[in-house]
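Shared between the two complexes below is chain A, which has chain B as its partner in the first and chain C in the second.
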Partner chain A sequence: MIKILTACGAGVNSSHQIKDALEEEMKNRGFDVSCEAVMIKDVTEEMVSKFDIFAPIVKPDLGFEVAIPTVDCGPILYRIPVMAQPVYDQMEETIKGLNKK
Partner chain B sequence: MTIQIDFNYNDIYSLSALNQQELFDQLGVALVKRDDVTESFSEAVYIRETQYPTALDMQPVFAGGPNIAIPHTEPKYCKSRKVIVIRLNQPIDFYNMINPKQNLPVQYLFAILNNDPSAQTNILANLMDLFKSDHFLEKLGKAQNQKEVYDVLKQYANVVCA
Partner chain C sequence: MGSIIHFANSIFNPIIALGAAPVMLIVLTVIALLFRVKFTKALEGGIRLAIALTGISAVIGLLTAAFSTALTGFVKSTGIQLSITDVGWAPLATITWGSPYTLFFLLILVCLNIVMIFLHRTNTLDVDIFDVWHSAFVGLLCIFSGANLFIATLLVLMIGVMKIINSDLMKPTFNDLLHNDNNPMTTTHMNYMMNPAIMVLNKIFDVIFPWLDKFDFDAAKLNKKIGFWGSNFSIGIYLGVFIGLMSHQDMKAIFVLAFTAGTCLELFSQIGNWFIKAVEPLSQGISNVATKYLKGRKFNIGLDWPFLAGRAEIWAAANVLAPIMLGEALILPGNHLLPLGGIIAMGVTPALLVVTRGKIIRMIVIGALELPIFLWAGTLAAPFVTHTAKLVGAFPSGVPKGQMISQTTMEGPIEKFLAYLVGHATSQAGMYIVYALLAIAGYILLFIWYAFQMKKRNQAYAEAKANS
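Here is the complex of A and B:
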């Protein structure tokens, strides 16, 4: 199981849209992923350490170094396949790079 | 296909402002008068925009059309759930939501008011589907006033003329 953390400023549920899109697409690509959506202000170093990949809209300044791979997922929000594709491809490569089942 | 967003004729504005602060001040005054937001809304949405910018580069969807921002803030500053549409007579610079270092001239705002922190709305997804609807941005770019914006919206979404 690959654990992905996504985050947004909160207000219009953009992180939930990223979560739903990533879970569906990565499942279609044969990966077992679980994505959690939180508010950026709630992201802590300890929280990040419990995940394999960080998937924010755009890399935020959290005040600490994110120790796990980060994939910027903002283009997914456009809901346009050609824009989302590179993000999914990068996510797939990142998952493969984890060498984790 | 009709997009599932309700727009009200009275929620469409055509405004002139020099910058974001002036714009949100004007918007705040109008929305406080209608009891749609609290007195702190203007400042909250302005600060929020500096921290988490909301402009969308729509050029990949329709080159030469208007860019759009979707400003919003926390539920505690809102007293209703609706989308306020603002057409700017002259575009104002906003930062790009997915590339915060990039400045974008924005001509339309679809400001999202949401007073229910537990509401899992698909409002952003529905707005995105609206923006990429056939010829929507092309028509929106040609609209010159409140009535013409309304006429474009009603071709694609639910609208109420109240």
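Here is the complex of A and C:
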């Protein structure tokens, strides 16, 4: 199980769109992923440490170094498949790079 | 004609009599089908909207029932008339989506965007279907205030044009704030319609207080320190305790208030999630149709505002403004809103970020100056919000008549005043027509001035880029 953290303004609209899209696409590609959506202001180092990949809209300034791989997922929000594709590809490469099941 | 109306009524009246949740299940499902969404997905969206409406009603009932006694006691012990509970964005969004008019406004705004693209008046394709509710709210408030659908539609279209133009004006600033010239992200979000007013204050700041910029601090460090203490449920607890103490409740009642407030704020956010999933099939369907007809053209993409949420200044300013807002709410004449669900001012700080370009002291000072507009607008809209909440069965019996709900920091405060004035001008004529016309003229002129300032800024960006 790969655990992905995504975050946006209210922890509801944009990040849930990203969460649902990532879970669906990555499962279609054969990966077992679980994605959690939160408010970006609630993201802490401790929270991040419980996840494998951080998937923000755009890389944020959280006041600390994010120790896990970050994949910017904003293009998923465009609702245009050809623009979301590179994000999924990058996420797949990142998952493979984790060497984890 | 009479027989047609009779026929339409015989079909629609039994459906309307079912109540808001079933009506919206049917309406949302049908419209999603028209946009070629698969039946199962369309029905799923409709059902989710129905349960979101049902859930929101239940939680509003829970919160209102808990706060009713305390707010009455609050007024009695302090003399401060804060009889309107701030429930935050999720209830207002869901209630707005409880009206079929919202889907009508959605359709005209989608058409408006496509027309403006074809006429080359904008480069922005707006895929933020979710946030149409802000514009729909203005339209519905206008109707509630006395306008007919046609007049309300004109107002919504006027604001819609300006929002889309604004998304193009802001694009270079977004590139700057994101340090990225290669992404198409922009937004038509209603909160940025405060930009013109903020720009005025920012210019005044340039003249009177430029030295304050020296005191800017690291926003991310402040956010990190605040941590858990800024979460939804802890804020609910603080305010529950505050209200309980001020209304002289006993200790047990204070705990109940605090935990109920914390619970309701968390639940509102969760139900907001159901609501967004409800709209998701329609959003994707509309985007599929739009992008199919607009092939071969390079666009900016209009998103919800949180592509900027990674900027720490947004949260630092919101955290600092929260206690300021509470203080202002207590002393501001004409305000009857008690900050609660909307106290983390996400509807305010993104616009401050764009106009000041991240100067945190300016964001706080200007934010403090503009909060009264939001509080007054929230107070103004409370009768409409409460009325609509009752229509979806969200109010428990036994609540004192003066108790209402609204939101402190809902996007589009100035637009709410326009809606109120236009509505009254339509139904009451007289001086309201003068007020409405003057307000609209001022609104447009201010936007034109703002557009001029932004074009100067954008030209400076272009020159800096050319020289690098």
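Going forward, the second predicted complex is superposed on the first by the 99 of 101 C-alpha atoms of A that agree within 3 Å, B and C clash if a C-alpha of one lies under 4 Å from a C-alpha of the other, contacts with A are read in each partner's own complex, and residues count from 1 in each chain.
Note that in this section a contact is a pair of C-beta atoms (placed from the backbone, for glycine too) under 8 Å apart; a residue touches a chain by one contact, two chains touch by 3 or more.
All values derive from a computational prediction rather than experimental measurement.
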Quiz item: Once chain A from each complex is brought into register, does chain C clash with chain B or fit beside it?
Solution: clash
Quiz item: Of the partners chain B and chain C, which touch A:29 in the superposed model: first, second, both, neither?
Solution: neither
Quiz item: First (chain B), second (chain C), both or neither: which does A:50 touch?
Solution: neither
Quiz item: Is A:77 contacted by the first partner chain B, the second partner chain C, both or neither?
Solution: both
Exercise. Mind working out whether A:96 is in touch with chain B, chain C, both or neither, as first, second, both or neither?
Key: neither
Quiz item: Now for A:42: first (chain B), second (chain C), both, or neither, which partner does it touch?
Solution: second
Exercise. Classify the contacts of A:13 with the two partner chains as first (chain B alone), second (chain C alone), both, or neither.
Key: both
Self-check item: chain B versus chain C, judged by how many residues of chain A each one touches
Solution: C
Practice problem: Classify the contacts of A:58 with the two partner chains as first (chain B alone), second (chain C alone), both, or neither. | Solution: both
Quiz item: Which one of 39-47, 237-245 or 273-281 is the stretch of chain C that crashes into chain B?
Solution: 273-281
Exercise. Could you pull out which residues of chain A sit against chain B in one structure and against chain C in the other?
Key: 8-14, 16-17, 40, 57-58, 74-75, 77-80
Quiz item: What residues of chain C sit close enough to touch chain A in their complex?
Solution: 89-90, 127, 130, 178, 180, 183-185, 218-221, 223-224, 227-228, 230-232, 269, 272-273, 276-277, 280, 283-284, 287-288, 291, 301, 303-312, 314-315, 318, 344, 346, 350
Quiz item: What part of chain B is in contact with chain A in the complex they form?
Solution: 48, 51-52, 56, 60-61, 70, 72-75, 97-100, 112, 114, 120-125, 128-129, 132
Quiz prompt | Touching residues on chain A, where the partner in the complex is chain B | solution = 8-14, 16-17, 40, 57-58, 72, 74-75, 77-80, 83
Self-check item: In the complex with chain C, residue positions of chain A that touch it
Solution: 7-17, 20, 39-42, 44, 56-64, 74-75, 77-80
